[in-house]
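For reference, the structure I am asking about is given below.
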Amino acid sequence: QKIRVAVAANAQFVAQVLKEAYEKETGTTVDLVIGSSGKLATQIEQGAPFDVFLSADTFYPNALHRKGLTMGKPQVYAYGTLVLWTTRNLDLKKGLALIKDTGVKKIAIANPQLAPYGAAARKALQHYGLEAIAQPKLIFAESIAQVNQYVLSGVVDLGFTAQSVVREPANVGKGKYRPVDPTVYPPIAQSTVVLKSAGRRNLAQAQQFYKFIFSPRAKLIFKKYGYYYK
Amino acid sequence: MNLDWQPLWLTFKLAGITTFLLLLLGLPLAWWLAHTRSRVKPIVEAIISLPIVLPPSVMGFYLLLAFSPTGFPGSFFSDVLNVPLVFSFTGLVVGSVIYSLPFMVQPLQAGLESLPNSLTEASYTLGRSKTETLFRVLLPNIRPALLTGTVLSFAHTIGEFGLVLMIGGNIPGETRVVSIAIYHEVESLNYGSAHVYSLVLLVLSFLILLTVYLVNKRLVKTL
Amino acid sequence: MNLDWQPLWLTFKLAGITTFLLLLLGLPLAWWLAHTRSRVKPIVEAIISLPIVLPPSVMGFYLLLAFSPTGFPGSFFSDVLNVPLVFSFTGLVVGSVIYSLPFMVQPLQAGLESLPNSLTEASYTLGRSKTETLFRVLLPNIRPALLTGTVLSFAHTIGEFGLVLMIGGNIPGETRVVSIAIYHEVESLNYGSAHVYSLVLLVLSFLILLTVYLVNKRLVKTL
Amino acid sequence: MIQIRVRKSLLMASGKTELAVDFNLEAGSFCTLYGKSGAGKTTILKILAGLIQPDEGFISVNDEVWLDTGKNINLPPQKREIGFVFQDYALFPNMTVRENLQYALNGKTDKNRIDDLLERAALQQLAHRKPLTLSGGQQQRVALMRALVRKPQILLLDEPLSALDLEMRQTLQTEIYGLHQSFHTTTLLVSHQLSEIYRLSDFIISLENGKIMAQGTPAGVFGRERLSSKIQLIGEVLSIRENGVVYILDILVGNNIIKTVTTAEEVQGLQPGDQVKVSAKAFNPIVQKL
Amino acid sequence: MIQIRVRKSLLMASGKTELAVDFNLEAGSFCTLYGKSGAGKTTILKILAGLIQPDEGFISVNDEVWLDTGKNINLPPQKREIGFVFQDYALFPNMTVRENLQYALNGKTDKNRIDDLLERAALQQLAHRKPLTLSGGQQQRVALMRALVRKPQILLLDEPLSALDLEMRQTLQTEIYGLHQSFHTTTLLVSHQLSEIYRLSDFIISLENGKIMAQGTPAGVFGRERLSSKIQLIGEVLSIRENGVVYILDILVGNNIIKTVTTAEEVQGLQPGDQVKVSAKAFNPIVQKL
């Protein structure tokens, strides 16, 4: 009894909690595969044997759906929040304007082509007209996970990550964070879908997990990690 | 920190199977290269050595195309044998065999070329066939080369990263070998596990190389 | 499809600078290894060869720690020299030099070891110093080994992937070398660009190896 | 009787040469191939053994055809009943002495033969040693015995003694000759060594540049000039010193120095380094065993 | 005068041996080091050149101290005024003949010297060739001339002629001797070749196992038994044939075969392979130039 869930990197910590809860509840083992939403979608397209896909947006699940690789239509399971995170002694109250600071030399951002949180961060920069100033300072991480790593190891001064990351108990107290004003980027509607590749092996378990994600218990966990619902 | 030992176990399984297959495949190849006077020899040697210089992402890309269920031989494996090659252990084995091939063939070839021709000729005049000669005379006398080839193939397969990342993904128990696990642990901010994995590999690699250099001062240079 | 040629150009720049630095660094090392009778020789040889067998993610992890502005020598570079090592071309150069070191040292060492001792001795009795002997007598007479070392270091640096992925950060024009570009194009499903990049590298690598094997049938084996 | 007629173009350092030989050997005879390095001696042995393919040729051994390029007959080395002793002995380093001999056993061969052969060469004590731990002479014996396991019709010996010192060489010469006689093989030996040739051979073939220059009995080939009680030596003048009215000449022959007193006329035109022929008529030497 | 007194423990195949020599050479003399392979000849030359460090020793050349381990004096090879001709010549393959010579030039040396030396050895025509395209004799000449560029006080020659054929060897012997005389160097030659030693040397040092066994003039060292008009040869019995009442003995001396008629008693106890001494009293040979 085993299912494999592809999880967008922003949700890696919350997914770990969900996994443990679900495993206790059902006795089904859940293996998590973490990556940027775009990379996971590509791998699914190339034939990766995943059962459920938790994306950071609606775009990739929909694309898979159009290509006939999913069971049913994707559904939004939570909305995410973009935050600024630093381990430096920076005044986060300045918000994105910090980017203009000469003390801020390197800023980590998830690759916008593959990671919705990266795309959201870019949108926010565009909103403030900071793109040109930020450009030479940007480090493109593979996913939110790599952004976290860059921030925490101190190799960058500032990073755009997900609120769920900084709410992870293990990360609490490591540096400071501040949410980016949610009106300056489109809402991060994170959707999930059961994959066709599950059909061959363990469709029932996959669908059960899919249901679990929308259960009140799961919603509570998501909220605890800073996701919100409309 | 509770460490997942599965990636280490998977890595050694992969390296073991790959090395075994490389022995089967590399031996005839090395024998042929050591004895042929064919003009295509340098071309074959260059092709075999390609994985030493080719970026893993290039190899990974082409393997991905070949392994995909719509390509060949991917379609054959997934449809006929029902063993998919992408994102599967089988696929990693195939990829690793290609990737580590030069590390097996080159020491074996050098070893065979260093044996005096008269050993082979003597065996023939004593009534023994080519195969008997290979297994009873040649191989036992190139044991250092066999050791070098085996050890380096094994170690180099353990060191595989880019290729696995592209054709294996990061599937626990299936393709999540330790080099990928380290990458993953670093990204998941579990530096503790990353340190343990890395240390195991570092110590192991160093001991392997030191053994090769001590046992056999010359032969690692035949790579 | 409009192809971005910058990653290719950046890759060659990286490989060129790395190879040049490796010549400067590898030569004294190879000379020392070829002449020393020290007991630590096999240990040094094993350390130099480590990058052949160590997963790039292990090397990448430790380099990341070392390069970070809070570690050493990262702090020195970023604070004193004001040249950060992570996410910078400089960092890639340093990483590549370590990564490709065995591919330069081993052929040079084998080449120097193959020269008769009497050449060096003759040069001394003719009144010439060690340095003059190295540059005017030894080096000109191991030209095939120099070619092999240079070409393989260059090619192997081009083939670098895992290390760059971890310490590079995919910055266009700074650290986005072609092997990384291929990986990203494949991830973004831009197979067209991936094909072009891969083909360029494949053809180049093959030609490089073929040249080495044709010019110098033995020396690639000295790796 | 053994008939050999082969042709093969060889790649010498000096260019291409044709190896073209045609000779017969009596069954049971002991024949020596003699000639300069590169003359083609090893090549002939290997062609006989089937290890090198001639461009054209015919080989028959006691009425069995081993090679006939005209009729496309070409027995592989495994099927030719030969024993080959290589110059470097080619003992298998991974096997003990006994295993080296056993390697040559096939179903038909009597297993006691190994013990017989080991005893014959006084090798029983060494049977469990690896070849590399043996002396040159012992290795040579093992190689010889191994070549005899399959009861070859022809024994081919490629300069088997040249690496050994004088004493060992003489012991093994006697042994080879003894084996040749007791096993009734036809033996073809390659040698540079005049004394070896003299002592062992019934028949000599002198080879030069791939062609047979002379063949016959040792005395016939080498000893053309029969000069009983006459001595003729070739040597090199080392020094010429005046000593009153005569000159003392030091002449080097082999490693011996001959001192001789000569007249001024005789010395004229001679200088150190010249090759000279030293001959004497009424030579009545005393021969003493050392 | 050159004084050498050195001690060094050598690692031989047979274990450790001590090299311990103490000898003096007259300035301007031609001395030959003679001895078996592994006796330590090359080691002595290299110690003199400063290429090998002895465990203990003293070397002075014309009153200048090059080495004194007691006083921690040890000139590097670059500072010792020596010319070394290596057995393999050690010509730099990447340089032309002229460049090989020029390599030895330093500020002080007159540049015309290169041309003089090239002319002296008739090498002008070959000045622009690379060493590997030259014959062994030509290479040897280049090595010799290169060793002379720096006007060495001592010329060290390590078996320079052993790889050459007889004719070339003789030509070069003459040349070496000529150079030795015209440049007034002290020359120390390593040689195995009796004739070479005889022709060239004023002084011989015979070495065995790192120790000097004998030293003196060639005649003194080698020619102890002065047997004018007497011959004494060491040879090997090849064959003994009965011929009526007498026996014909074939004896091999060097590459010469001596045939001699002997009586039955003389032959008794002799058999082929025996080493024998052949001597004759009233030997009055005819010596003819070949």
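To keep things simple, chains are lettered A, B, C, D and E as they appear, and every chain counts its residues starting from 1.
As a convention for this text, a contact is a pair of C-beta atoms (placed from the backbone, for glycine too) under 8 Å apart; a residue touches a chain by one contact, two chains touch by 3 or more.
Keep in mind that this is a model prediction, so the values were computed, not measured.
Visitor: Going by the contact rule set out at the top, which chains touch both chain C and chain D?
Guide: Neighbours common to chain C and chain D are B, E.
Visitor: Which number of steps is the smallest that gets you from chain A over to chain C via touching chains?
Guide: Tracing touching chains, the least step count from chain A to chain C comes to 1.
Visitor: Most remote chain relative to chain D, going by C-alpha centroids?
Guide: Checked the centroid distances; the maximum from chain D is A.
Visitor: Farthest chain from chain E, going by mean C-alpha coordinates, please.
Guide: It is A whose centre lies farthest from that of chain E.
Visitor: Suppose each chain is reduced to the average of its Cα coordinates; what separation in Å results between chain C and chain E?
Guide: Roughly 49 Å, centre to centre.
Visitor: Round to the nearest whole Å and give the separation of the Cα centres of chain D and chain E.
Guide: 31
Visitor: So the centre of each chain is just the mean of its C-alpha atoms; given that, what is the distance between chain A and chain D in Å?
Guide: Centres of chain A and chain D (C-alpha means) sit 85 Å apart.
Visitor: Could you list which residues of chain B touch at least two other chains?
Guide: Residues 64, 186 of chain B each touch two or more of the other chains.
Visitor: Could you pull out the residues of chain A that touch at least 2 other chains?
Guide: Residue numbers touching two or more other chains: 142.
Visitor: All pairs of touching chains, please: list them by chain label.
Guide: A-B, A-C, B-C, B-D, C-E, D-E
Visitor: Taking the touch rule as given, give the residues of chain C at its contact with chain B in the complex, in rising order.
Guide: Residue list for chain C touching chain B: 42-43, 45-47, 49-50, 52-58, 60-62, 64, 106, 109-110, 152, 155-156, 158-162, 165-166, 178-180, 182-183, 186, 191, 194, 197-198, 201-202, 205-206, 208-210, 212-214, 217, 220-223.
Visitor: Of all residues in chain D, which touch chain E in the complex?
Guide: Within the complex, chain D contacts chain E at residues 170, 173-174, 194-195, 198-199, 222-223, 226-236, 238-239, 248-262, 266, 269-270, 272-280, 282-290.
Visitor: Mind pulling up the chain B residues that touch chain D in the complex?
Guide: Result: residues 116, 118-119, 121-129, 136-137, 140-141 of chain B touch chain D.
Visitor: Okay, in this complex, where on chain D does chain B touch?
Guide: 46, 49-51, 76-78, 80, 82-84, 86-88, 90, 92-94, 103-104, 106, 146-147, 149-150
Visitor: Per the contact definition, I'd like the list of chain A residues that touch chain C in the complex.
Guide: Within the complex, chain A touches chain C at residues 36, 38-39, 42, 45, 105-106, 108, 111, 113-114, 138-142, 150, 153-156.
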